[in-house]
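Listed below are the structures to be examined.
The same subunit A turns up in both complexes below, where it pairs with subunit B and then with subunit C.
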Partner chain A sequence: MSAPLIWIALPIGLAIFLFLLPGERLVAWFGGFFAAGLAVLALFAPTDTALRPFGLFSLRIDSSLSLLGRQISLPPSTQIVLVLVYAIGAFWFFGTLAIGNARRLIPAGLATLALLTASLAIRPFLYAALLIQGAVLLAVLMLAEPNRPAGRGLMRFLIYQTLAMPFILLAGFLLSGVEAGPRDLAVILQAAILLALGFSFLLSIFPLSTWLPMLAEEANPYLVGFILSTFPTFALLFALNFVDRYSWIRESTEFFQVLQTVGLLTAVSGGVWAAFQRHAGRVFGYAAVTEIGLALVAVSLPEKMIGLQIIFFLLVPRALAYGVWALSLSVLQQGAPSLRYNDLRGLARHYPLATLGLFLSILSLSGVPLFASFPVRQALWEQLARHGFLPALWMGLASLGLWIAALRSLAVLNLAAENTPWALQETMQQRALILLGLLSLLAVGIFPQWITPLLTNLSGMFEQIGR
Partner chain B sequence: MLVFLTLAIYVLAILAIVGLRLTRLAFSYSWLAAALGAFLAWLSVFFWQMILPQPVLTGNWQSLSFFVVSPALLVDQVAWVYAMSFSTLALAVILMAPAQVTGISPSAWIGTLGLSLLALLAFLADNPLTLVMVWTALDLAELLNTLRLSDKPNLSERAVISFAVRALGTGFALWASALNPGTSGAASFESISPQVGVYLLLAVGLRLGVLPLHLTYRSEPALRRGMGTVLRMAAASSSLVLLARIPAGLALGGWTTVLLGLLMLALVYGGWKFLTVTDPLSARPFWLIGLGALAVIAALRGNLAGSAAWGSAMILFGGLVFLYSAHQRVYTFILSGLGLGLLALPFTLTASAWQGGAPLDWLFWPAALAGQTMLSVGYVVHLWRSAERELAHLPRWAQSAYPLGLAALGIMIILLGLWGWPGALQLGVWWPGVLVSLLTFIALVVLWRLSRASEPLLVRGKSASDESVSRLSFFAETFAESIWWFYRTLRRLVDFISGLLEGDGGLLWTLLVLVLLMILFQQI
Partner chain C sequence: MLEFFRWVAALVIVVTSIALLLGRDWRWSLGILAAQYLAVFFLFLSNWPLTMAAAKLVTGWMAAAILGMTLTNQPAELPDQSSRVFKLFLAAVVAGAAIQMLLLINSWMSEAGSPLLLASLMLIGQGLLQLGMTTNPFRVTLGLLTTLLGFDLLSSPLDNSILVAALLTAVSLGLALTGSYLLSLRLKTETE
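And then the complex of A and B:
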């Protein structure tokens, strides 16, 4: 048995099966348990390692598979990614039990996760761009509303993500002869410009991030949440592969300076824009922009290993916060014609837990103490402050913007008419899932060391950066 | 272990009350469990003296290299004096609960015990990281409780604004922590540099409402007398404890005078309002502002014991004046006598209040003494106001428990003047105490004569006080309006840029911005 078959081919196969399966709940249970199973398997059965389950028989999962002359490899160092990806997938899939949309999310979502995993596994890794593009197309299928024309946000998502591919492929083609060092500066310069353009589109850095709030405004918040928690992450991992591969990128101080500036600009644009929105969905989109910016800032830190750890650590609180946020938005959407603030006024009286979920998840993402993002955000802030007052100030501004957005959301949701009684309208499942999410946000915020075991193998995944 | 025992007692008491509620047993059992828990916790805090000072807990966040600081708890004399004061308040609140007109409420007792637990954690915090976590927990508890009780939209809005201001204070503490020089970060309060200490001072000032002077809760939902007092005291005292930990020799440059001026303004305003507002519970925010200002002034002068003394006085005297709802003449006399402890006289709780390395400019002394006098006079005046009910009208068991609550607070005021921490048994700077005593005495005599002669002055003063509240609120509203105007202007700009980037020609605009950015980056 080989790892690519288990973590790539099998999910694609199951996705097709789930696509044909009738019944929302059946799909949700199947998809959730399957993704959770893959995460557990990745955790307890690292590839290329002989195992004896219960001492009964010997089992070894090969890390590699050859397909059409290309190598697809999931070495033990990718264990953390496999665990995180499928755990996050399970988390989103189980959520559909409470808010529906399982048939739209799970088959396409599972296949998307498989393709994105393949993008990390394929060698030469340049082909990852094609796999990411395939995942984008699947995501478009997932997001498009049946019997309705595609919205502008969706079109822009498709255009921007698609534009990234030719730039990256062309850069890869130019770089194929100069991987070892800067022998041909002119070619490297051309390749660098193409790469910069390609990754600007793929990572949705400012000002190419407009699709995020537009999509979050028009599409189902839960589906958007899934997209926001997967695509930027894989785009970043793909970018990190480039940094790890080419020494001229890795050793360029200017590159990291520019990256820090771009990251801060993206983070601040997301935070500040979030503070001025009048649509709860758009705030979600801008929060994702801030998260992308902060991840870039982490990459730019002079202590590369610390930067890597921060990037991977950020994945967990981000996924939790996005999950609670998307779930809360979906619940609120059931009680309002739209997610515009005018329509959400006073809904806290009928959806108190969804209000709490929305408020606390934004607070968490803005790095407020006690919540999941706080420890790692504070660590990133301290690291930045060590290298300059201004970058730290900018990062503070980005967090402040999100924090203002959280307070505005809470204020609007509580603007009920005088003497409106409290009446809980969330279902038991919705309440249970939101509460579970909030408890997880608190647990990770107070005991961040629980995530430490996931971060031990990072240097194996990015050998050069990790040195 | 002792510290954890105290915390565990609070947790067990809360669980016991929850369990008793689920089994639908009579409320008296819940009250008994709450009272027993509060008493045992209070008793256990006494024994902390045996282990002072001692690190209690160091978290292990540092298993990851990028976490420079972990949460840590330390029990020392400052933590002890605050913990002693607060656990006494919690005990008093529960013992006196049956006497409150708001009636019996196990959920309020759970709240009281839970808030006491959080407050104790704040007092024990050994670094800003731990403290900000507890602050956030307290702020969220207050916010959610207020939102739950508020039945008017403007009250909900006030709750959010109050939370925002406090959280902004928390942000300053985080900023101080991030900027603290050195590779080990702000691992403990001792490692905080005087350069960033000013941010901590601002954090406390903002959270207390004294720097700058602001009053977020002009009106509030009907919080219970006991639970409401604990809630307000927990938020204020958990902020004040930081003052006793700020490094000496704050690098303030020429700002000391300005800050002192602002603090004096807050003190005089708080003192005057506390004295003139007729209802003790409505006067509660002004008590916190006045005592908070006194504590910050002490810290600014490098008198850390003095700031702890004011913090402790705020809790204990505040407890007496705000919980004293069922009156009896003899008790009122005794409690008024205890007011001597507020005057900064030698060998009292506040004896160390005016000590300090940095001298106070003579210009500020009149304001400082006037503020303290008004708070002291206000304390006595509020004790003599008409009661919610007479003690004799309470059930017999409540008549027994109620004085015990008052006694706990009174005894603690006397005890902390004599034992257990660096501010105890101090002669202090005696002359401000004597002056304040004289002024207080004269003011009380004048008020007493006037109240006998005609309509009480402080009732007539109501309209004047309302006017000054409205004046402050006018300034606050004007300030808020100007911020709102700025916000709306920025929002128009943001909407305009969003419109450009997201509109039909958005892609072209985006590419233009991208090209401009690339040209900019070429210069790096």
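And then the complex of A and C:
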């Protein structure tokens, strides 16, 4: 048995089966347990390692598979990504038990995760752009509301993410002759321009991030949350592959300076705009813009290994916060015609836990102490402050924007008419999941060392950056 | 003689890419798209084997057929936001920029040849212009297919891997299917 078959082909096969399976809950249970099973398998059965389960028989999962003359490989260094990806998938899939939409999210979501995993596995890694594009097309089908025409946000998502692929591919083809070193500066310059354009589209760097708030405003918040917690992460891993591969990028100080400026600009634009929104969905979109910006800032740090650890450490708190936030928004949406602040007024009286979930998840993302993002944000802030006051100030501004957005959301949700009685309308499952999410946010914030074992093998994944 | 045919194909692409931007009748638009893929097929032949170039042609025609099947029984004219004169003016500006870029890129990729470079730059430019002017799923799909075809053509002298060609074919068909689905959602809502 080879790893690509288990973590790529099998989920695609199951996605097709789940697409045909009737019944929301059945799909949710199947999809959730399957994704969780793949995460557990990745955790306990690293590839290319001989295992003897219970001392009964010998088991070894080969890391590579050959397809049309190309290698698809999931070496042991990718173990952390496999665990995180499928654990995050299971987390989102089980959430559909409380808010529905399992048949829309899980089949397409599972296939999306498999394609994104394949994007990490394919060699040469350049071809990942094509697989990410496949995942984008699936995501569009998932996000399109069955009884409503596609909105501008969805169309922009399709356009921007699709435009990334040809720029990156063309740059890769140009660079194929100069992989060994900077022999031809003119070719490198052209390729650098194309790569910059491609990754600006793919990573939704300011000002190409407009689709995020638009999509978060018009589409189902839970589905948007899933997209926001998967696509930018894989886009970033793909970008890191380029940094790891080409020495002329790695050794260019100008590149990292530009990246830091662009990252801070993206983070500040997201944070500041989030503070002025009047739609809870749009705030979600702008928070995602901030997170993308901060991840870029982490890549730009002069201490590359610390930057890499921060990027991976950010994944879990971000996924948890997005999950609780999206779940809370979905619950609130059931009690309001839209997620505009005008429509959400006073809903805290009917949805207190969803209100708490919304408020605390934004606070967590803004890096408030005791919550999951705090330790890693603190580390990033500290690293930035070491190299200058101004970058640290900009990062603080981005966090402040999110903090204000959290307070405004709380204020609006509590603006109930006097003597409005408390009447809890959340279901038991919704309450349980939101509470579990909030407890996880707190647990990761108080005991960040629980995540550190996942970060031990990063240097194996990005050999050059990790040196 | 072969160079002459390449120039003819490139000029056909200049015309079709602009016509796609100006066209309002979906039947004409799909016919023009099919003609565009035929012209691009001749340009692909200069760098790729016949089978791979033919695969591109068939893919394009299939994409056109998918969109056409979704639009069957719909009125010929599709709603449009901008006037044709304005679009023609913008298309002329983009064409001018493409010719200017041709002079620059010719020095970077001289082995590709001017007809191929002109055709690919026109496809990319006019495709991007189309994408910038609309959110209509039909036009967005045409714009994306045109832009991708341009990049595909531009990269053909650099890479002729079967896997890349197969994946790009799958992406083009996927785009047509996705566009067709989004289009059907819009048509369904308009009918209701």
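Brief remarks follow.
FYI, the second predicted complex is superposed on the first by the 467 of 467 C-alpha atoms of A that agree within 3 Å, B and C clash if a C-alpha of one lies under 4 Å from a C-alpha of the other, contacts with A are read in each partner's own complex, and residues count from 1 in each chain.
The rule we apply is simple: a contact is a pair of C-beta atoms (placed from the backbone, for glycine too) under 8 Å apart; a residue touches a chain by one contact, two chains touch by 3 or more.
It should be emphasised that the depicted structure is a prediction, and the values quoted were computed from it without experimental measurement.
Look at subunit A after the overlay: subunit B and subunit C fit there side by side.
In the superposed model, A:146 lies in contact with subunit C only, and not with subunit B.
In the superposition on chain A, contact is made by A:159 with both subunit B and subunit C.
Looking at the shared chain after the overlay, A:169 reaches subunit C, while subunit B stays out of its contact range. In the superposition on chain A, the chain among subunit B and subunit C reaching more residues of subunit A is B. In the superposition on chain A, no contact is made by A:216 with either subunit B or subunit C. In the superposition on chain A, contact is made by A:403 with subunit B only, not with subunit C. In the superposition on chain A, A:294 makes contact with neither subunit B nor subunit C. Of the two partner chains placed around the shared chain by superposition, neither subunit B nor subunit C is touched by A:118. Rounded to the nearest 10, the angle at the Cα centre of subunit A between subunit B and subunit C in the chain-A superposition is 140°.
Aligning both complexes on chain A leaves subunit B and subunit C separated at their closest CA atoms by 5 Å.
152, 156, 159 are the residues of subunit A that lie in the contact sets of both subunit B and subunit C, per the superposition on chain A. Of all residues in subunit C, those touching subunit A in their complex are 108, 128, 131, 135, 137, 140, 143-144, 147-148, 151-152, 154-155, 158-159, 162-164, 166-168, 170-171, 174-175, 177-178, 181-182, 185-186, 188-190. If you check the complex, the residues on subunit A that touch subunit B are 152, 156, 159, 193, 196-197, 200, 207-208, 210, 213-214, 254, 257-258, 261-262, 265, 272-273, 276, 305-306, 309-310, 313, 346, 348, 356, 368-370, 374-376, 378-386, 389, 392, 396, 400, 403, 407, 410-411, 414-420, 422, 446, 448-449, 452, 455. By the touch criterion stated above, subunit A contacts subunit C in their complex at residues 67-70, 127, 130-131, 133-134, 137, 140-141, 144-150, 152, 154-156, 158-159, 162-163, 165-167, 169-170, 173-174, 176, 186-187, 190. Within the complex formed with subunit A, the residues of subunit B that make contact are 59-61, 63-68, 71, 129, 132-133, 135-137, 140, 144, 147-148, 151-153, 156-157, 159-160, 163-164, 167, 170-171, 174-175, 177-179, 183, 185, 487, 490-491, 494-495, 498, 501-502, 506-507, 509-510, 513-514, 517-518, 521, 524.
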